[in-house]
């Protein structure tokens, strides 16, 4: 009965991509720990770019520094 | 000073229903552990249907399988 | 298929108390939103006292100030 | 490689304020624990007022009681 | 720069299994969204059995009901 | 009434360091958003090294690659 929370920046992930994330992450727990997929929950949080920080700055600024 | 986080699919919960959730969950901790409601925080996250997975698929697909 | 996370300070909650929390919080979502208890997950995190802060200080210090 | 999650009520925090939060919280971990800012992540969740409870009621009601 | 949190019951997952979970979940985000693994964080929380509830009861009780 | 969750690897942070984190993070929200420290909660989670992944591997392995 695992619970998986995935936080990504909100940049237009499609419904098909989210479905692939849900399927793939659930499969990892089935394969590695033999968990039951029927009770494995995945919640995806899409976070606004200005609400995501790394390197002490908003992620949009940070990306410019690592180009 | 407990903290309670409730994640539900976004399906039109009303303000009155949210108020009942906040009140009910706080009361559980008052009754069971004698916690002080004045410092008990409840945060409700409403998650878009396509961002919630169970059974390795989006919850909307999963519900069709259990009908 | 809701997910509920309860964070409390680690102060000796018994197995029976945890069971009452699980039962009570699940019942709130059954009563208010008609959720299915069979797919409602509750996770209780017990946090060491020195890892919990409020009022800008550890909770053990804070409690002395409000006596 | 720390991860910091900040939950606040959604009340119009500006991009500049969020940037200051990201910078300030990251700096705390640099100063206190010598963490590397380049791998320190900050995620800010802005929560709708009616989804935030304290004192067993929505925060908007609670604020009236403490005026 | 995604963040993935995996909550499982504490039942003796080995270091090798945790490594496989970290690798597998990171790979899902690389494959589906093209994320950079170097800034993808995975945190695994192992939760004591008596702190995990489902079906309104501790998970150990719940498992007996579905045998 | 903000809530701040800090996740760090478990590497011997002292009570004094945790107190400094609690104080510093709370002060950031006081300074930037004018929040009331008395209702600002900070929870620090110390995560076992083998439960923390980055770069698709346990953090202990990852650190060797960036030396």
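To keep things simple, chains are lettered A, B, C, D, E and F as they appear, and every chain counts its residues starting from 1.
The criterion applied here is as follows: a residue touches a chain if its C-beta (ideal position, glycine included) is under 8 Å from a C-beta of that chain, and two chains touch if they have at least 3 such contacts.
Molecules present, by chain and UniProt name: A, B, C, D, E, F = Tautomerase.
Everything numeric here is computed off the predicted structure, so don't read it as measured data.
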Problem set entry | Minimum number of chain-to-chain touching steps separating chain A (Tautomerase) from chain F (Tautomerase) | 2
Problem set entry | Chains in simultaneous contact with chain E (Tautomerase) and chain F (Tautomerase) | C, D
For this session: Identify the chains adjacent to both chain D (Tautomerase) and chain F (Tautomerase) in the sense defined at the top.
Result: B, E
Problem set entry | Same-residue or different-residue interface between chain A (Tautomerase) and chain B (Tautomerase), half as cut-off | different
For this session: From the options A-D, D-F or A-C, choose the one that repeats interface E-F, i.e. more than half of its residue-numbered contact pairs are shared.
Result: A-D
For this session: Report, in whole Å, the distance between the mean C-alpha point of chain A (Tautomerase) and the mean C-alpha point of chain E (Tautomerase).
Result: 13
Exercise. How far is the middle of chain C (Tautomerase) from the middle of chain D (Tautomerase), if each middle is the mean of its Cα atoms, in Å?
Worked result: 20
Problem set entry | Between chain B (Tautomerase) and chain F (Tautomerase), centroid-to-centroid distance (C-alpha), Å | 25
For this session: Identify all positions of chain B (Tautomerase) at which a residue touches two or more other chains, and write them in rising order.
Result: 1, 3, 7, 21, 25, 27, 39, 41, 43, 45, 52, 54
Exercise. Which chains touch, pair by pair?
Worked result: A-B, A-C, A-D, A-E, B-C, B-D, B-F, C-E, C-F, D-E, D-F, E-F
For this session: Spell out the residues on chain F (Tautomerase) that touch chain D (Tautomerase) in their complex, using ranges where they run on.
Result: 1-9, 13, 17, 20-21, 24-25, 27-29, 31-33, 35, 39, 52, 54, 59
Problem set entry | Residue numbers on chain B (Tautomerase) that touch chain F (Tautomerase), as the complex places them | 1, 3, 39, 41, 43
Exercise. Hey, which residues of chain F (Tautomerase) end up touching chain C (Tautomerase) in the complex?
Worked result: 15, 18-19, 21-23, 25-27, 30, 37-46
For this session: Would you pull the chain A (Tautomerase) residues touching chain D (Tautomerase) in the complex into a rising list?
Result: 7, 45, 47, 50-58
